[in-house]
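Structures given as structure tokens follow.
Two complexes follow with chain A in common, the first pairing it with chain B and the second with chain C.
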Partner chain A sequence: MMHQPIQKHRPPLRKRLADASEPYLYSAPALILIAAVMLVPLVVGISYAFRDIQLLNPFSGGFVGLDHFRALGQDQAFFGALRNTLWWTGASVFFQFTFGLILALLLDKPFYGRGLVQALVFLPWAVPSFLAGLNWAWLFNPVIGPLPHWFVALGLMDEPHNILSDPHLAMWGPIVANVWWGIPFFAITLLAALQAIPRDLYEAASIDGAGPVQRFLSITLPFLAPTIAITVLLRTVWISNFADLIVVMTNGGPADRTQIVASYIFTQAFRRLDFGYASAIALVLLALLLVYSMLIVLLRQTMLNKG
Partner chain B sequence: MRPGKLLLIGAHRGAILVYVVFALFPLFWLLKVSVTPNDLLYSEGVRMWPSRTTFEHFNFVIAHSAFPTFFKNSLIVSGATAVVVTILASLSGYALSRFSFRAKYWIVALMLITQMFPLVMLVAPIFKMLSPLGLTNSLTGLVIVYSAFNVPFATFLMQSFFDGIPKDLEEAAMIDGATQFVAFRQIILPLTLPGIAATLGFVFTAAWSELLFALMLISGNDAATFPVGLLTFVSKFSVDFGQMMAAGVLALIPACLFFLLIQRYLVQGLTAGAVKG
Partner chain C sequence: MASIDIESVRKSYGPFPVLHGVDLTIRDGEFIVLVGPSGCGKSTLLRMIAGLEEVTSGDIRISGNRVNDLAPKDRDIAMVFQSYALYPHMSVADNMSYSLRLRKTAKEKIASAVGGAAAKLGLEPLLERRPKALSGGQRQRVAMGRAIVRKPKAFLFDEPLSNLDARLREQMRAEIKKLHADLKATSIYVTHDQIEAMTLADRIVAMHGGVVQQVGSPLELYDTPANLFVAGFIGSPGMNFLEGRYVVPGEGKGAGIRLSDGTVVPVASRTGIGPDATVTLGIRPEHVVISDTGMLEASVDLVEPTGFGIILHLSLHGLPFKIFTLDREALSAGPTVRVDFPQKYLHVFDDKGDRVG
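Here is the complex of A and B:
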């Protein structure tokens, strides 16, 4: 749609209406689907948080006010899940980002066979998450997996046992699987950003006598900074909600040591069929994520004002 | 060449090798156990390759288990989702790319928000809503749910591909008397074929991998997708590792094929986007 300051010949009303509605017609099917399958259930789910909804109990459905939230305040498993979520998200994002950045820097240099190497190292990203979880669960299994035997050989373990059933170490299982699975995402995004840096900047810098470290610190990092900030912040939200690997590998066990908030919601809905309580936890999670997003927006504003 | 430089190149290649091994080893192990005969599985321990290989696990999985059904269900669900999403996302991506209209800001905001909030909180309400419509335990239900989840990202993806095509093309066609929709269909869409292929691949892979909603919405074997079938299998026959891993290798095939087709221009497409913006 073009707005010209002076319109000599105004087209007839019908034509103008048709023009104005055209973009809405294009986007309507997608919007209707999103509204029906995501927004309506979101609102319904929020209402569940204040009602007693249990799938197996036909007499449930009544309004219970804040009862679920009072129960949540006493629920030690929920607070444990909150702590686990921080640990799971922090460790996963940190290792995925660090190893992803290193991989992107390695792939940014041209070498023979780069196309093939790129395809191979990005492959884990295409592995379905449930399969990545099962695959790593099997690797940690002393009966068929090599990892426990290697740990013993390295002196890290006295005898081969499964770290997924060890309450103190179990969280490392899903974290390692998540790092394996998520490195390509960071590497792809950062590699794309790296390749967008104008090459002549590096040449100019080396003519001026800048060493590799200096070039990295004063050219590469400043150029990458916006991409890094956005991907890390978005990925943090995504990983904190990502329950697949945990559901597949440990199901939250042993003794809830790997239960994160997202998998706790799923457990309440799927195994206990307590939709009301599950929705109450989900509402708390949503509120926490909103606060986090607000902080990001504020941070961005302050950074923009400075710059 | 100076020895220092040679050392640097050696370190670079070495580091790359470490990444390749780390990325491929789990998949290699999956393949290795799937071709190891049962009697060697426990006796040979952590050997890198069994002294004898067999395809009996694959035979069993393909001929005597429900996996072909799961495979077919997953293909139907992922294929249908990919087609539906790509059609809807081409339309909405085109709207975002070519028009400036009042609600555009809100549409973008809405789609971004759907990427942020925890989908797991929709598990219960979606189940409750689909159940009276007869859409639980049905492939159609899964296609509807997956389509909605994937439309926002696919829209942004398609938009970035449309942005890469000069506007003059359809303006020329419209001067010649074509409506914008005709120009879109006959000139712009054919030019976006690579973008359409990438979107199909992305959505197919996403739908193929989805686990939580499939677990919640599907209960019988008839409508089970691959993840649901495999997890049921694992909890039922948790000792037969050879068969489970053979099934796992089969589940890997379609996703990897799609990935190998699109991966080359994954970075390319993202680079183009990064250069522009």
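Here is the complex of A and C:
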């Protein structure tokens, strides 16, 4: 008791300031780095959406408010791209997931040389997307590629022509390339999830009288559900932003039939050099994807709470 | 309920044999325990009966019907796994009723079967929970409940208590025994724990290296082990073994076994071994008598009080040797003790390890 009063004095202001700022100073380098790398470009990019930025016009750069968004509301090419994006993303994710799941289920069964096959399956993922696009564009080209001739032989086509130049079929070209390219992602992630399922659950179920379909429905699917939800979410966002294959294979054509929002942004920014308008479109895409992600996250939460 | 016949059943994985021809007849309602160290083939045999492993050769019959080529679900057996293998996405009630729902049993029947099993196992308050919200012992009970709702011909248990702590294991052991007395269903139980084997079994099947070593009641295996493996495996602390040579009776002296130091331990006369044959003498730690006039002297290495009794770790002729006694005086045993081996508790094994006499 005798010694305590001395300690009760408040420490000097400098000491208190130093103490209070200590945690901020320690974390400052990391925070500043993150802000510089992530936030600054984001904010600058968003600011473009409200400014008139045209690379070839030295007098541009002024604030235009919501003008870009008003123009966007009237832009039929944008709405066409939005529809194409839905089509492109939906079909790509659906087929990538379906084939990826089938492949994962096949690779989950032990067979001779499984290790090698598992490694090979991953290969398409390692191919640069531009190379994959060029490759598929050539495969579809009747002059050098075999595919149109095979289609004719199968009776799917009257004469060998390039589906990439057919307005009704063009979208299938990049979709096929994208499916080929993206199957490994689903196959590998789903395979990892499959292999985490305890084997004795299947044994218990087979003794309980469950056939292959019932085992799949009551064991495999519930175990895979969280992985399915998160991978489908990720792939959907990636694919709707993924313009490489389209730019390489069709460049949005013929007649904007394969133009998706991401490739439309690319066209606006790097061909018309209208960065302001491109940023406005990007902002709309960002908002749509955020809404979609929130929906999936909510869905996953309710699923996990139930499970 | 059913009898199970296993006829010269073999199993190999590729060129590697795991089971070398097992013959076993399990009677209706019998509780059989397969016991042995890990890798002895006991689990493989159980999984073959369940239909989870293919039979390489030989026949398995349930109620006289050959089941080798039947799928597990068509064998009408239930299995309790070491990991319990409960379906994590289903409630306790759904776990228990899964097999009945797959068989499209009527709803009322399912409800009464699940209710009955839950009452027997004390699971009623837990029926709506998921497995992850249960303790180890409760999960174990659900796994048993899942097996009994179906009223199968036979129960198969694959080390069901290995994941529980010692106290819970003891409790569940008693419950399994009560359950069997109640249901009287043919049961095959795999364990490496000889206490479980001794306490639960009507008959024990001791296995080693893919070969059945001995089949018999727990006390048969304990009192007259067929070979060195069974003698050493059953009982804790394990049986003591001493090398020696057989001395045939004659010149007014009885038969005996001459140990390395020349001491002759008298044994009952045995047939089937020649004079001077190499033998192994076995005696259980609890049968060794400490006596000031004992014929052998051993040095005391370690005294282990277990509370229930005392284990003395000795060196006899330089080899480890154990005594178990209830006598607290053993706690103050000096640097050496003298011991005697009562004749009626001595086991003699020949040079191939088989019991003699």
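Quick note on the criterion: the second predicted complex is superposed on the first by the 262 of 307 C-alpha atoms of A that agree within 3 Å, B and C clash if a C-alpha of one lies under 4 Å from a C-alpha of the other, contacts with A are read in each partner's own complex, and residues count from 1 in each chain.
By definition in this document, a contact is a pair of C-beta atoms (placed from the backbone, for glycine too) under 8 Å apart; a residue touches a chain by one contact, two chains touch by 3 or more.
Just so it is clear, the model here is predicted, and its values are computed rather than measured.
Trainee: When the two structures are superposed on chain A, do chain B and chain C clash or fit side by side?
Mentor: fit
Trainee: After superposition on the shared chain, which partner residues are touched by A:Asp200: those of chain B (first), chain C (second), both, or neither?
Mentor: Second partner only, chain C.
Trainee: Looking at A:Ile144 after the superposition, I want to know if it touches chain B, chain C, both of them or none. Which is it: first, second, both, neither?
Mentor: The first partner, chain B, only.
Trainee: Under the stated touch criterion, which partner chain does A:Leu31 make contact with: chain B (first), chain C (second), both, or neither?
Mentor: After superposing on A, A:Leu31 lies in contact with chain B but is clear of chain C.
Trainee: Output check: A:Phe63 vs chain B and chain C. Expected answer is one of first, second, both, neither. What do you get?
Mentor: After superposition on chain A, A:Phe63 lies in contact with neither partner.
Trainee: A:Ile219 in the overlay: touching chain B, chain C, both, or neither? Say first, second, both or neither.
Mentor: Second partner only.
Trainee: Taking the superposition on A as described, I'd like to know which of chain B and chain C A:Ile102 touches: first, second, both or neither.
Mentor: In the superposition, A:Ile102 touches chain B alone.
Trainee: Which partner, chain B or chain C, is in contact with more residues of chain A?
Mentor: In the superposed model, B touches more residues of chain A.
Trainee: Taking the superposition on A as described, I'd like to know which of chain B and chain C A:Asp208 touches: first, second, both or neither.
Mentor: Touch partner of A:Asp208: chain C, not chain B.
Trainee: Please state the minimum Cα-Cα separation between chain B and chain C in the superposed model, rounded to the nearest whole Å.
Mentor: So the smallest C-alpha gap separating chain B from chain C comes to 9 Å.
Trainee: Residues of chain A that sit at the chain B interface in one complex and at the chain C interface in the other, please.
Mentor: none
Trainee: Help me check something: in the complex, which residues belonging to chain C touch chain A?
Mentor: It is residues 50-52, 71-73, 77-79, 81, 83, 85, 87-90, 98-99, 102-103, 146, 150 of chain C that touch chain A.
Trainee: Residues of chain A touching chain B in their complex?
Mentor: Listed in rising order, the residues are 1, 20, 22-24, 26-27, 29-31, 33-34, 36-38, 40-42, 44-45, 48, 53, 102-103, 106-107, 109, 111, 115, 117-132, 134-136, 138-139, 143-146, 149-150, 180, 183-184, 188-189, 191-193, 195-196, 227, 234, 237, 241, 243-244, 247-248, 262, 265-266, 269-270, 275, 278-279, 282-283, 285-286, 289, 293.
Trainee: Can you list the chain A residues touching chain C in their complex?
Mentor: Where chain A meets chain C, its residues are 198, 200-201, 203-210, 214, 218-219, 222-223, 307.
Trainee: Quick check: in the complex, which residue numbers of chain B touch chain A?
Mentor: It is residues 12-13, 15-16, 19-20, 22-24, 26-27, 29-30, 33, 41-42, 45-46, 88-89, 91-92, 94-96, 98-101, 103-104, 107, 110-111, 114-129, 144-145, 147-149, 151-152, 155, 180-181, 205, 208-209, 211-212, 215-216, 226-227, 230-231, 234, 241, 244-245, 248, 251-252, 255-256, 258-260, 263-264, 266-267, 270-271, 273-275 of chain B that touch chain A.
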